[in-house]
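Pasting the structures in now, so scroll down.
Below, subunit A partners subunit B and then partners subunit C, in two separate complexes.
Now for the complex of A and B:
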């Protein structure tokens, strides 16, 4: 049926995995630096203008979200899609060429992004900071990814698309739509002769701009941090544990639920702002409804482990994935709570929001990407994972880091919110801004230490990965389920 | 102003009802097609486990090579 010499080709998948490790380390080292800057402001002066919080913060968010996460997702995509479609990308040289071009242009784009942000060139729209020339390159990269995705689907031997493929398709379409609409911009030089050639202003103004921005901003969380990561867990957890997904029907229902509900929730970023009240209410309500499809997927994953919970004790890879889905449940409950109007009145603009973002991204997104790369490594190199013990240590160190991170931010955020709102008997504000800064100092320090623990874990991950490549015990044949690990 | 608010309230109620009907119909559809034997959704869970290049596809795609085999 299939040419005997033919096998899955992981070239592009591997390249993306390397990038993911590199970007993970860069993005999160910068994150730890700026976390320490919050606690110790003199650290802002280390590298002149290039080392200030304001310059580095967008580099942290962009490199982690669009460097580390996207690379990890694409590493997994080029691996999973071949396997569940039962087709090798090598069977079609055009699709393989497109995949390679996708990688190379993406590297150029990422370099352009980091350099331009370091130089302070930005549109000032959060998570959409790239100026128009880079936006155009992004569109090209995205089209190449789409061609590879649909190219592989077109070549498939398996007629049915596994649930992960539906999520990857949604990832492609969702981001394409969001990105195009939020990055509609007018290049100032070419239209008015004003400013540098690369500068632009948004096509939308005022409240409309805010609405489009947060429709995009929140759905970037949906279609970059959620949808493709769900695609990954639906493949890697069943495969690593050897258990088919608990309910395939539930996975379908959750998929359509998530697709329908997520797009309407972005309004919760603009509660008590100048957008119409009904939009704020809609954002709030849809955020609460979002618990259902999110928990549908997460519970489905936990139930997949039914009768096999001993694996949680035995395998650090299963630990990473089970904790990832647990953190997914935590943050998809926390988000809706913060989106309730009365809670939002306290939580908005405080560190509680930063805590929420990080229990989701560190606990769910990063843990899934780490687990995915370590599951793929033995299949990439036909070698055992170098050290199980190191992976166990990494797991506990990073879990401690995340707990320190979000618990300190919860306390900091609620303290901050309460102090901002506190009034005396005449209705005067009880505290000035600097009072909150003084009170929050210890929590900022704890947060930075939590982040540092997580980053140390990333170095352990990179070391384990490189050692697996170089000196892991050679495997006779590809492991079917649980990944073999050296002591 | 009262009229438009009333209209909004009715629209909101019926739209919610409509969405609930759609959601439950989809669930009923999934279970009914399994019961009737038109489609066994749960077998697709195996796609992640049995994923070798030479594994037998659950539902083979019509390609040139398998048409020739027929």
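Now for the complex of A and C:
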């Protein structure tokens, strides 16, 4: 083994990377469209009943969360796991076959999801909209991923699991548990022999249903948008910068702390609702405690760059990753603030929540996935990244987009929350509901422009990636650390 | 201990699972032990209302409208009495929503009429100037799926003992009876509407989505 790195098989990893780019563009173009619809409602009429905000919004959330993000995560997973476990997936044809099947069934699932949502087939539960046939397919896809994960672990030469693998294991287990419990439903056709065959009714009713849904809904964020993304940064940042992870103990504390604390925090979606008071309080308190493990990871990453901050200036890839951990810190501070009861009373149901979601998903998740694909591309194709300048432009354009997005949504949310509760001198409500909608027009416009900038950045990413594949300068051997880039 | 775990993926995974499952066990199980009981007067939906609820879900009304009134004066002044757990006892799924791009609808049946909804769903800005809600004209031509609604009602009656056909509760009965009952309710709503296509459809024994939706919205009290 002269150059072990060249032995790895990236077939499945590459497929997922292509899919991530495609889904990223589809999901966020839809996102920009619905953002403009809120500022200019006549845009709802473009595609008849298939083009209204309400039909498209679940498509936006699902394609971005489960199309773009999961594909990006799995691209990274099939790359990282071979390297940190010191095995090639090609060594075992069964595991390799499972990985390929994982990909193909996932593509079918994603297509089924988009079509069914367009047709209005949905359970209405956020991020769990699929009806039971697709739920079953999801479970199959998930099991295949689990088999690939533990198959690779079983084959490993490096006995000690690297931090990234801890997070991938938690990702697999956490989503499996949450998904199964939240999607318990009874197919009505099998009970009665009547009606649509794919229709089902939730196993839980009312408040219980809400409780399970937000235990799921919040932790789907934890185990899709946080856990595997942390797995990625723990590998890619040290790898790109050539620096060892700052502290093993800090990663230990952050990992086990995150695992224990995160699941409690779901209750903060239900503050002042009809779930028992103590659960609301627990949700609130644990959300605040959650700052510790979240910041633990982020600080560990930032301190990894200690003494090497010049790289931030030189490499756009480092820029993406350092800003990603910074946005992770912002988002994990903002979330707990919104979970405080008195703040939640104002923020809940407003656009501030939308702003919070997007500084996390755009700034942290998307930036990390973009950085990961561009770190992997030179190793996939043995070529230099096509253009450093383009990547720099993408970085600044997208950063501007995110700032416009969250700042406008902060203002919109707080404005709306304040107006809903404002009273005149006699104690009567000062504004009718529509007043609190029309006042938001400028912020909705700014938000849509911010989103548009981000999407333009995605096209630059796709272009840079494709150009790297086709015409990046060929590399003699794999770069050890910093990814080489053309001008 | 951690070094030991990190070399043993099986025990590592078991450890992770125990740590993450813990919160769920403590937070969720106790509430299930005392599943919310319906408050006095809460009734399951009729078949037509349930079909309307399916229309509400199909077009994701819950993406912009909540059905949860929080216990603040500003909310009870605007939307009516705050929500009680038992009022949702027959809601499968719950439709609390997470965003109020439009107003809460928990008690919209108390202060809006069939006529208002008809105008509003056809062209929202005709009754609420400045509204950013899309028009839902397709609901006036597509038919609601009464059969699936009946199948759902029958399922929850059989599986979860929802008290259909009990004294003072909505009647479900056999499919033919249920269909007749739904038609009757639909005719009543159509008689208060002015859209001629809808009236004709109902006269022909069809139930457009808008009729079912209005039946559902009127039931929200």
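Assume the second predicted complex is superposed on the first by the 479 of 487 C-alpha atoms of A that agree within 3 Å, B and C clash if a C-alpha of one lies under 4 Å from a C-alpha of the other, contacts with A are read in each partner's own complex, and residues count from 1 in each chain.
The criterion applied here is as follows: a residue touches a chain if its C-beta (ideal position, glycine included) is under 8 Å from a C-beta of that chain, and two chains touch if they have at least 3 such contacts.
This is a predicted model, so every value here is computed, not measured.
Superposed on subunit A, are subunit B and subunit C clashing or fitting side by side?
fit
Touch check for A:326: first (subunit B), second (subunit C), both, or neither?
neither
Using the touch definition from the top, say if A:189 reaches subunit B (first), subunit C (second), both or neither.
Only subunit C is touched by A:189; subunit B is not.
With both complexes overlaid on chain A, does A:481 touch subunit B (first), subunit C (second), both or neither?
first
Would you sort A:160 into first (subunit B), second (subunit C), both or neither based on which partner it touches?
The answer is both, since A:160 touches subunit B and subunit C.
Regarding the shared-chain residue A:252, is it in contact with subunit B (first), subunit C (second), both, or neither?
In the superposition, A:252 touches subunit B and subunit C alike.
Quick one: is A:84 in contact with subunit B, with subunit C, with both, or with neither? Answer first, second, both or neither.
first
Is subunit A touched at more residues by subunit B or by subunit C?
C
Touching A:238, do we find subunit B (first), subunit C (second), both, or neither?
So A:238 only meets subunit B here.
A:400 contacts which: subunit B (first), subunit C (second), both, neither?
neither
After superposition on the shared chain, which partner residues are touched by A:150: those of subunit B (first), subunit C (second), both, or neither?
In the superposition, A:150 touches subunit C alone.
Measuring by CA atoms in the overlay, how small does the subunit B-subunit C distance get, in Å?
Between subunit B and subunit C, the minimum C-alpha distance equals 7 Å.
So subunit A touches subunit B in one structure and subunit C in the other; where do those two contact lists coincide?
159-160, 252, 256
Which stretch or stretches of subunit A touch subunit B in the complex?
1-2, 6-8, 83-84, 86-88, 156-160, 162-164, 234-235, 238-239, 242, 244-245, 247-249, 252-253, 256-257, 481
Could you please specify the touching residues of subunit C with respect to subunit A in the complex?
Residue list for subunit C touching subunit A: 2-3, 6-7, 9, 12-13, 16-17, 19-24, 27-28, 30-32, 35-36, 57-64, 66, 68, 70-72, 74-75, 77-78, 83-85, 87-103, 125, 128-136, 138, 145, 147-152, 154-156, 158-160, 175.
Give every residue of subunit A touching subunit C within the complex, in rising order.
37-38, 41, 44-45, 48-49, 52-55, 57-58, 120-126, 150, 153-154, 159-161, 165-166, 169-170, 173-174, 177, 181, 186, 188-189, 191-192, 194-196, 199, 201-202, 204-213, 215, 252, 256, 259-260, 262-264, 266-267, 269, 272-276, 279, 282, 286, 345, 348-351, 353-354, 420-421, 423, 428-429, 433-434, 437-438
Sort out for me which residues of subunit B touch subunit A in the complex.
23, 26-27, 30-31, 34, 41-49, 51-55, 57-63, 65-66, 69
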